[in-house]
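One chain, chain A, appears in both complexes that follow, with chain B as partner in the first and chain C in the second.
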Partner chain A sequence: MSDYKSDSSDTKGAKRSMDDSISKDSKRVKTNGKEKMADYNPYLAHMYEGEGKAAGQKSILDTFTRQKTTAEQASKAEDLDVNPWTNQPHSQQYFKILQTRRDLPVSKQRQEFLDMYHSTQILVFVGETGSGKTTQIPQYVLFDELPYQTGKLIACTQPRRVAAMSVAQRVANELDVELGEEVGYSIRFENKTGPKTMLKYMTDGQLLRESMHDHDMSRYSCIILDEAHERTLATDILMALLKQIAARRKDLKIIVMSATLDAQKFQTYFYDAPLLAVPGRTHPVEIFYTPEPERDYLEASVRTVLQIHATEPEGDILLFLTGEEEIEDACRRISLEVDDMIRESDAGPMKVYPLYGTLPPHQQQRIFDKAPEPLRKGGRPGRKCIVATNIAETSLTIDGIVYVVDPGFSKQKIYNPRSRVESLLVSPISKASAQQRAGRAGRTRPGKCFRLYTEKAFKKELIEQTYPEILRSNLANTVLELKKLGVEDLVHFDLMDPPAPETMMRALEELNYLACLDDDGELTRLGSLASEFPLDPALAVMLISSPEFYCSNEMLSITSLLSVPQIFVRPNNARKRADEMKQQFAHPDGDHLTLLNAYHAYKSAEQGGQDVKQWCHEHFLSFRHLSSADNVRQQLRRIMETHGIELISTPFTDKNYYTNIRRALLAGFFMQVAMRESSNSKVYKTVKDDQLVMIHPSTVVTSPYDWVVYNEFVLTTKQYVRTVTNIRPEWLLEIAPVYYDVDTFEKGEIKSALTRITDKIKRRQVLKGSR
Partner chain B sequence: MKPFKTKDTTPPVNQSTSNDDQEEEEDYMKMTFTDDVPSTTRRPETSLQRRQRERREAEARGRVKSKAEIAAEEEARREAALSKSLLSTDPDAIKKNKGLSMMAKMGFTGGALGSKANKDAKAEPIKINVKDGREGIGLESERKRKLREMAEQAGEAAKKVKVDEIGYRERVRLEREEARLEGQLRGAQKIAAQMDEEMGSLEKRDDETDSAKKKAVVPNSSRPLKSLPVVYRGLVRAREEAERDRRMRHDLEQSSSSSSIGPLSSRLPVYVDDEQDDDDKMALGKDRASTIYVTADDLDEEDEELAAFEALPTAEKLAKVVMYLRERHRYCFWCKFTYPDEAMEGCPGVTEEDHD
Partner chain C sequence: MGLAAAKNKRRLGNDPNNTKWSRNTDSFGQKLLRAQGWEPGQYLGAKDAAHAEWHTEANSSHIRVVLKDDTMGLGAKRNTGDECTGLNAFQNLLGRLNGKSEDVIEAEQQARDDVKRNLYVEQKIGTIRFVKGGWLVGDVVKETLAEEDEGLPPSGSKQDSAATSSAEDTSKSEKKSKKRKAEKEGDDKVSKKDKKSKKRKSEDDVDSDDSRSKKKAKKSKKSKKDDEADAANDSDGATTSAVESKKSRKEKKEKKKSKEEKREKKEKRRKEKASSSGSGTETGDSISREKKRRKGDKKDKASESPAPVTQPTVSASSTSTPAGSGYSTPTISDSTSARYLSRRRFIAQKTMAFSDATALNQIFMIKS
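The block that comes next holds the complex of A and B.
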């Protein structure tokens, strides 16, 4: 829940197929002494007089007039033997890359771009994937804005963490500079920028967080919103903010970059901003539909892939499916069938690779492997087949794909304020998505796209555009950020797609219950503090309140563990063994406590000097996710220390050690509580929303209480609550008396249960008093 | 004693009267009390009633629900929650709902959020559709379309029935008319069959006149059905079929009643008891041996000519039989008279109306 980018954030491999050799070879001699630059302040750049760029030496850039440069000037500067930004000689690699850069479609329109950039404050730029816009446009701006003259940076936002990291690396290579120096990146929990940084790639969420303390984004002279067509929550909010800021700051330039041609919506939104379109390097793609709707799209997918392999000429296949389980299943089935085909009908070899967000990076890299050679000389050519989630739709480019198989589904986040369900659901894609998928087939040569639905279904059943994230999310976090950003009137805040009023209402209500907003909708001190944490409000409030329960250290660990993907690994071939290992850490009262136990075991293994990777492997724990939890913990700890939140623990020997933790959970998650229907039932009912749920089978809780607190509500074909911990209902009345005010409940079992408990507490108090 | 009670349940010792009232009020909420019974004058529940109610509730609670039940209930609850808007224009409700009241303070008056110029703004949350299984896109709507078509057809049929209901009398009249025509048709067919037989037997100089026996023994039945005129072939065929069925049933009964004797018992010689009269024999099925059955051998064959005839409306069939009688036997079905000459002088016409 809190980790709202878990699926995409761990995608390694990034936007462009990274050229590993380049990053290795481009090691250069370190530039001038770092010590000297240590207290460099970008705001005072003008006082250093060019020191930032070239340490006092003359550079060709000094002859440029800011915001009046030409493509010719810039090319000249790029062609020099000396790097104009560092005054260091260019590496051999640099010129090689420069050649490929000049071949990019966007390169031909550099002058056109600059002319338009000079003429307007806001510019909409459309370039299909492969046009080179993400890497080149920020550099074109760099040569025009000359950040060392103003001390203001250029920001380029990306929806995904990995994209921000890998693009920054690529651009650092292209500019022949060290990553983290002139070119850097900033993502949640990681900042790789320095005092010399001129161009900063960052996640859209990160820019949003930054602007909470800098309402005018005054650090930047140009902000580039890349991949705006993806319409992430943060990009949408940024667009609305920038629309306001642009009116205040006439010197701020804004470029909105989109990969799809329906950029008109962006133009209209930004007061009819001018548009520049660059064609991508694409080949025609022939589209095929099925004559009848499919009964089982997975089976149809496997069949189609095999058919392509048997009948179509050379070329790799990309199959889109919805999730890990489905993808692994399909990979297994295809591999088995291909083995048969090779034996029976002399088919060529085919390698099948899965690709999804939670796949370890080294396995993700395998998709860039070459297709296998023919089995014997002159035999049928081999090919590779990649079975991917929709991360292969826009964020990742794999060359060599000629055939695309599109069943028309993807897993999408969905939120409905009425039942407060936020979940990932398999849903039909949009027409725009389908076109994007088809386009993947035409990257290297004319391709074919096989849609596993009828043309009629394409026309009638698919929506035009995927709903922007803002319409599919719980906005509690966003509303808190907006409040912190100084947006007072949330009702008339000019978003491109405003959320449903009910969603806004729920967000305000939740923040009010969490005491982050007062009854007038004003930010409280707690709310202001909570917004400092890059967490969901419930988690932030839980963390801030944890010293009251004498367990802030433990809650810090739990919060970090909840902010990373599942740390328990359960491979298909060793499920039983994995479950046994998990049982070692199990605490009968809750999954939260189990997470904590596993983390403590991990830390003591680390301190005991063991090979932690090996230890994790043996205990079926994800080293990657545990170490990233460790990193998150450090970041959060720093924020807590900055704001004077005490870090304390109950002694482990104290009988209240775990009880305190369970109580502290409720300080943030009192709205995520479920009551058992009856003592022998497996069915629980969520408080207030009146939804029936079951505890997710992954739980370790063996003797569930009548009341549980849960971390997330999962809606598949069944309704589950995942990561649950037993609680006592008395605690609810004590810790969240406003939410659990019996009078506000609808009549029903939960109200009667709460009434009984209230009475019991009253009696106990009376008894105590009379004694 | 009551294992279903959780430890949080109020123990009876501590029940004060005020407590009682409160619980009572809640527990009765699912029942509807009409306004004419004000809550202040409501009679308190007796201990007996209370115990019964508690037992009922405990049983309901204690029963373990099946997976399907749980799933159905889950879905019902979800749908119920999803279909209910949280917004309200009622000032009291706004005051109660803090989120709404905050929005009201920001100037929310209903409709969508955002800039007023934005026409695309949504006023309702996006619907949630839980996909079940791995059906491809379009399959569900295809199925729905088929269902809808079926429903439409059913609707049309229902409409037809409705229309007919309006003309109930008309329908009854038509039904009666139909029944009357059927009766007349059967009568005409019988006459035609009989007259043909008589004519045939006259031609063969056969003086056998007992019509009751004819159908079993005279050539009519032994002739292939297809040689009979189509106008009454159906009647003979039905007779033959009925006869065959009766005989088969009889054989079956015989074989089952006297297990030692096979299905052909009716054809076997039987012991003749003098004291048995005909009725006894009949009752015992012993008279069978004396009867010879000759069924038309083409009884099971398809008969297109007959089918075409049977498909005609009753009135038309009747008209055909009437015409057959007139042409072959110079008999008018309506006058009930065989005319001596071809002209059939004296007969007012070929239809029933002509004879009114």
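The block that comes next holds the complex of A and C.
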């Protein structure tokens, strides 16, 4: 072992002196290493245990010089029988994985990567999906940064929680370490890292939250922004922040990893950073357009899938649709048709799987099942068909896809600062994502992509790039975070895609009304506290002010329930029963209270020792979402406790129990109030913005209340407000006097209604005074 | 859709875009932004940013989208009823005014005539699909004429179906179909191919909520009856060699047909383009491919020739039932068969009138 070490230190010296000699030198070392390997007998591993331990004090890594290592050295360290990070012998599985790792395209350019990494502070790395960049690059950095020497970590951000978790697990396996020890992950409401952690996968949002308390990100020596091309809100802000931090901290290395599409933009943005491109393992994909536009893209997509099944050779199909309902419907129809096809002609079997975000994980896993076998020996091959939202576009990689059917639509979040609606709307995709979709067909072998639109439509109707999230979201939360991050000048904050000025104005205005920003635009104490919560400012403010209404326990529950997807399940085949069950929890005053009732019932069922899963199933509640709400509640509760926010409740027997909750809702949501138009019993008008809305049919509210507070404004075929609760206008004047200053209102029904109420209150006070 | 479309009433508020708010220059947000040096009309973000060249209008104002509440495909337009009709008659004149050469105009006129004629034939008679039965060489019927011809007939139908595929694709598909041929029987294959082309064509079919196979099943039940009813009218001696039966969906036929013709033209154009441009880039095995491609082109042109009844690979908009249902004539679905009945009666009356001298005299008001 000791010989070996001296050898590698030689290499190190050579590296310093001359480039030419490295290759020779390291070659020699390599052969030496092989001899060593021959000496070492893995079957006698237990015999070497003592030796391993002795060597444990000094790992091969000690001979590395930080930020001066070579690929050769690193791969040698990887080839050892002892894990250089833990000094434990490697498992058998490790070498198997190592072999597949070495076959990845990115592996061939390890040295090139290291050279470039050493030469620059910011590096743009472009690798098509399948190049192995997400798993390998952080490990290459790990062997170069040697975190245990500096005590600084390596962070790799992911846009999605699932990706962060699964990639961390994968890399832990690859490095042959326990997940949560040397390699860990950190996502919202879950932190699986330990004191030994060197490489941390995390969501981009999580890194952003961390940097609120550590403006220089001083814990990290290298930050890798993965999937930067997805341009999530958090990634965009991180990029702008890192650009600033990089100027302050010259020792911080930044790698921006993206798919090929707009790498140039990233380069320009990061002061013309050098670019390293690694080809993916992709095959050509043949593109087909329709000659004419389709009248009905749903119908056309179902037919195309069937046609592929009937006429094309073996290979799985991926169909992109927009939403859960559409997907489930298409799945049903395709399965039916295929059954018919099998009965009537000699077609092969086909399994159809849906895939969308709210699908439970075990069902999402099913897409990785093997395609079914032919019905009889030598029969037509079986295949699977995956009907997915645009999750399958970038984030999930499904092998075996040969045919892609692309109708050209996806559901996208759009925010309109004027009407303050943030909604998911079906809209045409961009050219970039159309190409991304097509690329999914060429993962295993040459594939085909059937686009259900004309070439002309592709060229003329599709935008170049999908708009980044920052242009499509409400920025209230972001602005609050930025303020907390110490960004003073919001106008000149160097974002890659600056948002529309109106969106920024709206966010500032909302924060001002919520008293998170003072009139000079400075962060208030409330604002600072609110930013501690990983919640929308309105929810955070509601939670913080809830003790004033003696119901912080209840508001905590409601907040958690509003932060998870809808807990009420309404399956298509049992809508009526589901609605009846929901009625059991219904509170006549509104949906927020109904949510709370359902949660309380869930908790008491849990405490009663019942089988909660079964109970949820019977009551048409989503166990998954309820338990995640429970989890969120615990996390929020911890934050509340650390900041000394009291947790109190009004006794349930008190007649003000529900009134207090309704009032507390207004503390955060006073800007989301609608008044019924007197003329029409169903149409409401939102306060100040004067948008005409209806109450979403999912509500339990039956009596037409005059004033309601709503949780969200959604745009489907009509403008709806969802999750509403009845309130009284007097409370508005009392709880949010600034916003409900009658003088600031335009002439109209709402103003006159508010004026009437003000007068009423005044009269009452006068009466009281005269008594 | 016009008047027939579902009415979708939506009440709009007085100020759906909330311009009241956006025009308000005193709002807190605007004041704050101005205080930090922003002027209306400017982007936010760093001054003189190098990446500003990528900024779009989405960086200056919120993203506007059209609310989509139907399932219309990308690029499809609702027929608002304001499209010009009857412009065809002036196409020649307009073409000349636009400086097109006589040849081009003639070709276009030819194409339009083809469309018209095909449309007519399709509507009145329907088209019949045939299955390859081998080649007659001397006195013997051979399965194939020569090795490279093997793939041709299916390639024709493939071209129809994979409308936008490049010429290169056709050669690929030929290979593929050859392969499949090995495993499949002829009938089966053609029916599959047909299904494919049918599929393409019927994608724009509106009445498609019914599952296709259901329709098929229904049709095959019905077809016996229809067949008898229409036999006199349609068979006209042309059906003898046909193996496969066909269905035409008459409801949307006109539209379908015209679309299809357009597509055919487009395809042809594209193919020509592809073969001219592709030949430059292709290497290696390009010669054999080129051959095939040319053949494909020829075939394609042939398939455009307006003789649908005898062309096995003619691209008809009619759909096929699976092989084995046993009818060769296009059976016309009942909505139209009623029309055919009355029409036949009318024709019969006319022939009778013509054969009757006195009646003729009456018609032409000839006093005898």
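What we mean here is this: the second predicted complex is superposed on the first by the 711 of 771 C-alpha atoms of A that agree within 3 Å, B and C clash if a C-alpha of one lies under 4 Å from a C-alpha of the other, contacts with A are read in each partner's own complex, and residues count from 1 in each chain.
Assume a contact is a pair of C-beta atoms (placed from the backbone, for glycine too) under 8 Å apart; a residue touches a chain by one contact, two chains touch by 3 or more.
Here the structure is a predicted model, which means the values were calculated and not measured.
In the model built by aligning both structures on chain A, chain B clashes with chain C. Of the two partner chains, both chain B and chain C are touched by A:500. When the shared chain is aligned, chain C comes close enough to touch A:303, but chain B does not. By the touch criterion defined above, A:653 lies against neither chain B nor chain C after alignment on the C-alpha atoms of chain A. After overlaying the two complexes on the shared chain, residue contacts for A:286 are found with chain C alone; chain B is out of touch. In the superposed pair of complexes, A:573 makes contact with neither chain B nor chain C. Applying the stated contact rule after C-alpha superposition, one finds that A:457 touches each of chain B and chain C. By the touch criterion defined above, A:92 reaches neither chain B nor chain C.
By the document's definition of touching, of the two partners only chain B reaches A:729; chain C does not. Applying the stated contact rule after C-alpha superposition, one finds that A:763 touches chain B and leaves chain C untouched.
In summary, superposing the two complexes on chain A brings one listed stretch of chain B into steric overlap with chain C, and the stretch in question is 129-137; the others among 129-137, 165-173, 201-209 or 237-245 show no clashing C-alpha atoms.
Once the two complexes are overlaid on chain A, the chain A residues touched by chain B in the first and by chain C in the second are 290, 293-300, 407-409, 414-419, 425-428, 452-454, 456-457, 461-462, 467, 471-472, 489-509, 512, 519, 521, 683, 689-692, 715-718. Residue ranges of chain B in contact with chain A, taken from their complex: 4, 6, 8-10, 14, 19, 22-23, 26-27, 29, 61-62, 64-65, 70-71, 73-74, 77-78, 81-87, 96-103, 105-108, 110-116, 118, 120-139, 141-142. Here chain A touches chain C in the complex through residues 262, 265, 268-269, 271-272, 286, 288-300, 303-304, 306-307, 310-311, 313, 333, 336-337, 340-341, 344-346, 407-409, 412, 414-419, 425-428, 452-457, 461-462, 467, 471-472, 489-509, 512, 519, 521, 683, 685, 688-692, 715-718, 746, going by the rule given at the top. Against chain B, the residues of chain A that register as touching in their complex are 290, 293-300, 407-409, 414-419, 421, 425-428, 452-454, 456-458, 460-462, 467, 471-472, 488-510, 512, 517, 519-521, 677-683, 689-694, 706, 715-719, 729, 744, 747, 751-753, 755-757, 759-760, 763.
Taken in their complex, chain C has these residues touching chain A: 8, 10-22, 27-30, 32-33, 35-38, 40, 42-47, 49-51, 53-55, 58-63, 65-69, 71-77, 162-165, 169, 176, 180, 188, 191-193, 195-196, 199-200, 202-206, 208-209, 211-214, 216-217, 259, 262-263, 266-267, 322.
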